[in-house]
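Got some structures for you, see below.
Look at the two complexes coming up: chain A is in both, with chain B in one and chain C in the other.
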Partner chain A sequence: MTKLRNSFQYIFLIIASAVSVFPLFWMLIAATNKSADVLRGTLVPGGYLMENLKTLMAAQPVVSSMLNSFKYAVVLTIISLVICSLAGYGFEIYHDKGKDFVMSIILLAMMVPFAATMIPLFRMFSNASLLNTTLGFILPSISTPFLIMMFRQSARSFPHDIIEAARIDGLNEIGIFFKMFIPTMRSTYAAAMVITFMNAWNNYLWPKVIMSDDSSMTMPMLIANLTAGYTTDYGSLMLGVLLCTIPTIIVFFVLQKSFAEGITGSVK
Partner chain B sequence: MKKRIISGLLVASMAFALLTGCGNKSEKESTESSGDENTLTVWCWDPAFNINAIQEAEKIYQKDNPEFQLEVVETPWEDLQTKLTTAASSNQIDTLPDIVLMQDDAFQKNVISYSDAFVDLTDTAIDFSQFAEGKVSASIVDGANYGVPFDNGAVIACYREDILEQAGFTTAEFEDITWDQYIQQGKVVLEKTGKPLLSCLAGETDVLAMMLRSAGGGFFDEEGNALIADNEILKEVVETYIELVKSGVLIEVNDWDQYIGSLNNETVAGTINGCWIMASIQTAENQAGKWKITNMPKLDGTSSATNYANQGGSSWAVTKGSKNPELAADFLGSTFGGSVELYDNILSTGAIATYQPAADSEKYAQTNDFFGGEEVYTKIVEYASEVPDTINGVYFYEARDAVGTAITNIIAGADISTELKTAQETVEFNMQ
Partner chain C sequence: MKRKMSIAKRHNLTGWTFIVPAALLIVAMSFVPMVQAMILSFQSGKGTALSFVGLSNYVRMFKDGVFIQSIKNTFFYLILQVPIMLVTALILASVLNKKDLKFKGFFRTAIFLPCATSLVSYAIIFRSLFAVDGFVNTVLIKLGILNTGYNFLGNPTSAKVIIIIALLWRWTGYNMVFYLSGLQNIEYSVYEAAMIDGATAFQRFWSITIPLLKPMILLTAIMSTNGTLQLFDESMNLTSGGPANATITMSHYIYNVSFKYVPNFGYAAAMSFLILVLVALLALVQMKVGDKRD
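Presenting the complex of A and B:
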């Protein structure tokens, strides 16, 4: 009986995973084929990978876009992790009614879609001459309500006894945060890192609006460029998508274990 | 304790200032390079097509103006529209480049909505009478010229000569015909070869818009009011379209890639679109010599009906963000508005002129082996000169989408006049 149920479960899971892996598989196949073959719907790897790579490199500044994307994503991830975790920690550990009120306002801000604030933001950034700059890219998403909330929730499970003990042992408040909180909450940081990095890497609308210089282009912008013409080279487009996906895949797999722990909020 | 926190904050703010410093520096550098008197910045989107064209234009202009430099920023059309909207609505016109390329469908909408953003080119040295009239009309607002025409969007009908032959036809028999004849002959082709004559995107109104424009019609009257429910031309267009779908002569596909696929994979025996579609057709190298080109069918019951229309195509506009609009206008005027050499150079990429003198050059008389060894370019320029004037209006996209929804419902069985009335109300609501 259980065996039968198990086999059903497995069949279901196999189908589900096949369905979710297929687009990735197809992307890989398409990257090795000619544009015309991709349109024909071929599922066999072709020998056109190097040609596609050559076309892609010739048409677009792949290397500099990759470096830009890395620069923006890494800088944003580091700064926003520090800021949001400090904020979340502060909201929970030095908890009082006023801070609760501020927190609810921050959460309200989460409900405002980015498109609604984009035009005023653009105006501010343009007046501050921040167009085409790294700072311009990172500032709007440097502190997100979601991350603050995530760190506040995980700080809730951080034992207050540790803080008391540390205070008695003479550690100052900043020290407690850096020496006690951060090492304990490593998995939360990992989860936050994956989320922030992916968001920063995939961010499209805002960089598109403020970056109008080929030298500050990011990978998602590059891919959009590949689809803009009257004729699209699907082979090199898929190769571009593949190149753009690899870094997020790596980040996710490296931090996968901690990510799962962090999202469920466990403390070791 | 407090001191430590303060010192921590200080360090943080210093790090911040440092970052800001870097930011400002690179910003200054970039404005310096483009703030140069002889440098113009351009936004456009297709490296194989319009980017190549403007770079060719740069080379030609440099012959007389060696100092001149162009900085082209590749920006897909949808993003260009977003950036334009953002810059114009936040009143930051000076963040715009000197020149932008704009889709003809959206030209009037943008000029009317953001009237402070574009330079009126009427009184410049550009001679607009040299361009095909139907093309120039797309970038005229209140009698003023705001755009220098770039690529030709003249509609062509492409047929697979070899497939038509199997059904006993030739492409010549599809020249100067009406939609009625098209459907009759299409049915025969479908019966004998199993291939429809035409494919298009479900829920999109490209084919409808072409039919409408070919009779000088549009979704709006001259005062800009929505003209959908009581639009006799549109009614005939919709009826013809439904007939096309029901007879199986037209198959609807779900996205652009499938549409291109239906051409390259021999699912259909032909297509009707702006002449820029030739570039996509030619990617299927194994079909060389099998295609032929002629004009599109015309409506039967409308007196203003012709076999010609525009679909797609784009024009250059000079923005008020330009520090040197005179240079920008002179550059466009002496290249796209005055150089046959430029149009000769870009012809191989599929950029066909609406600049009439270009059509007389030798290059345009060349035959094209892919399209049955005929003089296709001369043909297309001729078609372009026959295109009737049309008004797109500010709300063209809204009207197009509303009519698209109506079509989907009519195909599913709804009543034509009721659906068109709903579309009219939707557009009027959007216009409020």
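Presenting the complex of A and C:
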């Protein structure tokens, strides 16, 4: 009976894993094959990768979009991590009634859907000539209640003795944050980095609203453009999708372990 | 002398300076636009030429067939997809939490992998897989189940189902990670004690796992509800809202009204304000229900 249940568990997990991996596997196969072979349903890697790359680069500004996406995501991740962790740390270490109240107001912002702020933000940014700029891309997503909460939660486990000792050694408050807190909280920063980078890279609606120039286009916008025509060249389309997927998968794999630790620490 | 300020006061001030940048950004990027959206929702006009029209945007909303369709679609996704996804994620997490399970890391990574895919990417992958000449049809024809390719995305019902399948694929692993991290806080000995007492696997799941994971279940339910009410990328890239608006979501329609057709920001703002109210209401209901089961 136990044996039967055990093998049932494995079958369940194998099916779940296969379903999870298959679409990505198919994307990889399609990116290396001729469109005609993709349509024939092939599941073996082909030798058409370079041809697909040529077709893709001729159709869309792949290099500049890739660079844009990197630029936006990296700048946003760095600034967002500094601002949100500073706030989370401030809320926890120096907490009092006033700050707890401000925190609860900030948490309310989690409820505000992006659709509700998108139009006023667009008008605000177009008046401030922030359309097609990096600043325009990052401003709405720098400070997020989720990250602030995550860092506040992790600051809870930061020993007060360290702070006192550092103060006696003559380190000022900002010094304690940069030299003591950041190095100790590596796994929280790793998790925050994965989440912020992925959200920034994957963001589609906001750049679609404010990035009207081809030269400021992002990768998700680029691959969405590829499907606009009447006939689809599956090979180059899937290569585009692959290029748009690789960076987030790399970030995820590199930081996977600390990501899991960081999530566990932050939602306890 | 200012230098004489007490240490406590100085620390209090330092705390505020740490908080101010983040707090100001949230006020400027969330709360101010929210209020502006509310004001905007009482105005109407093309582009920037706006005038106050009272509640007429809200009245128009409930006569707008496409908007009503988009609400129906969004709730269809919500009611079907969120429960299936959360239950599947719970089962996966409790199976993966078993101590003696082999290849745990492999299964976990594989099932989480879809979450590393960008929303536009997976929407396009699913669109290609289920296209008339796509992989799924090719296989079905080869197996002799179909004679010609079935237009999955051209039929209102099957197109909705495909969106739900795609959403399940993308988000189940994500929620599973939250449950797994919650399960790690439950002592395994609790399960062992229950096993000695003769509790079946289902009883253990129902009486130990579910109650102890309740805060996490509540969190994921609120997050998924919030996310589903704001669906955009899938509707835009998987089905383009079609056929004939059968799969269009509220955010997608708001986008169309604001940026695709002749822009009507006032009307779009009124619709977006309804989403805000719905998100807040549903979160409130979920928190109330979550409290009651104590």
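The criterion applied here is as follows: the second predicted complex is superposed on the first by the 250 of 268 C-alpha atoms of A that agree within 3 Å, B and C clash if a C-alpha of one lies under 4 Å from a C-alpha of the other, contacts with A are read in each partner's own complex, and residues count from 1 in each chain.
We take it that a contact is a pair of C-beta atoms (placed from the backbone, for glycine too) under 8 Å apart; a residue touches a chain by one contact, two chains touch by 3 or more.
Bear in mind that the values here come from a model prediction, so they are computed numbers and not experimental data.
Quick one: chain B and chain C on chain A, clash or fit?
clash
Quick one: is A:119 in contact with chain B, with chain C, with both, or with neither? Answer first, second, both or neither.
In the superposition, A:119 touches chain B and chain C alike.
Which holds for A:130: it touches chain B only (first), chain C only (second), both, or neither?
first
Considering only touches as defined above, state whether A:48 meets chain B (first), chain C (second), both or neither.
After superposing on A, A:48 lies clear of both chain B and chain C.
In the overlay, answer first, second, both or neither for which of chain B and chain C A:173 touches.
After superposing on A, A:173 lies in contact with both chain B and chain C.
Just checking: does A:227 make contact with chain B only, chain C only, both, or neither of them? Give me first, second, both or neither.
After superposition on chain A, A:227 lies in contact with both partners, chain B and chain C.
In the superposed model, which partner reaches more residues of chain A, chain B or chain C?
With both complexes superposed on chain A, more residues of chain A are touched by C.
Figure out whether A:36 sits in contact with chain B (first) or chain C (second), or with both, or with neither.
Only chain B is touched by A:36; chain C is not.
Touching A:89 in the superposition: chain B (first), chain C (second), both, neither?
second
Is A:206 contacted by the first partner chain B, the second partner chain C, both or neither?
Neither: A:206 stays clear of chain B and chain C.
Considering only touches as defined above, state whether A:145 meets chain B (first), chain C (second), both or neither.
Second partner only, chain C.
Taking 8-16, 62-70, 98-106 or 170-178 from chain C, which overlaps chain B after aligning chain A?
The superposed arrangement places chain C into chain B at 62-70.
So which positions on chain A get touched by both chain B and chain C?
Touching chain B in the first complex and chain C in the second, residues 39-41, 118-120, 122-123, 173-174, 205, 208-209, 221, 224, 227, 232, 234 of chain A appear in both lists.
For the complex, which residues does chain C have touching chain A?
Its residues touching chain A are 11-12, 14-19, 21-23, 25-26, 29-34, 36-37, 40, 92, 95-96, 98, 101, 106-107, 109-122, 124-129, 131, 133, 135, 138-139, 142, 169, 173, 177-178, 181-182, 184-185, 201, 216, 219, 226, 229-230, 232-233, 236-237, 250-251, 254-255, 258-259, 265, 268-269, 272-273, 275-276, 279-280, 283.
Write out the stretch or stretches of chain B touching chain A in their complex.
1, 4-5, 8, 19-20, 22-24, 26-28, 30, 43, 45-49, 73-77, 79, 82-83, 86-87, 89-92, 95, 97, 257, 260-261, 264-265, 276-277, 279-280, 283-285, 350
Report the residues of chain A in contact with chain B in the complex, numbered from low to high.
35-36, 39-41, 59, 118-120, 122-123, 126-127, 129-136, 172-174, 205, 208-209, 212-215, 221, 224-225, 227-232, 234
In the complex formed with chain C, which residues of chain A make contact?
5, 9, 12-13, 16-17, 19-21, 23-24, 26-27, 30, 38-41, 83-84, 86-87, 89-91, 93-96, 99, 102, 106, 109-124, 139-140, 142-143, 145, 148, 173-174, 177, 198, 201-202, 204-205, 208-209, 219-221, 223-224, 226-227, 232, 234, 237-238, 241, 244-245, 248-249, 251-252, 256, 260, 263-264, 267-268
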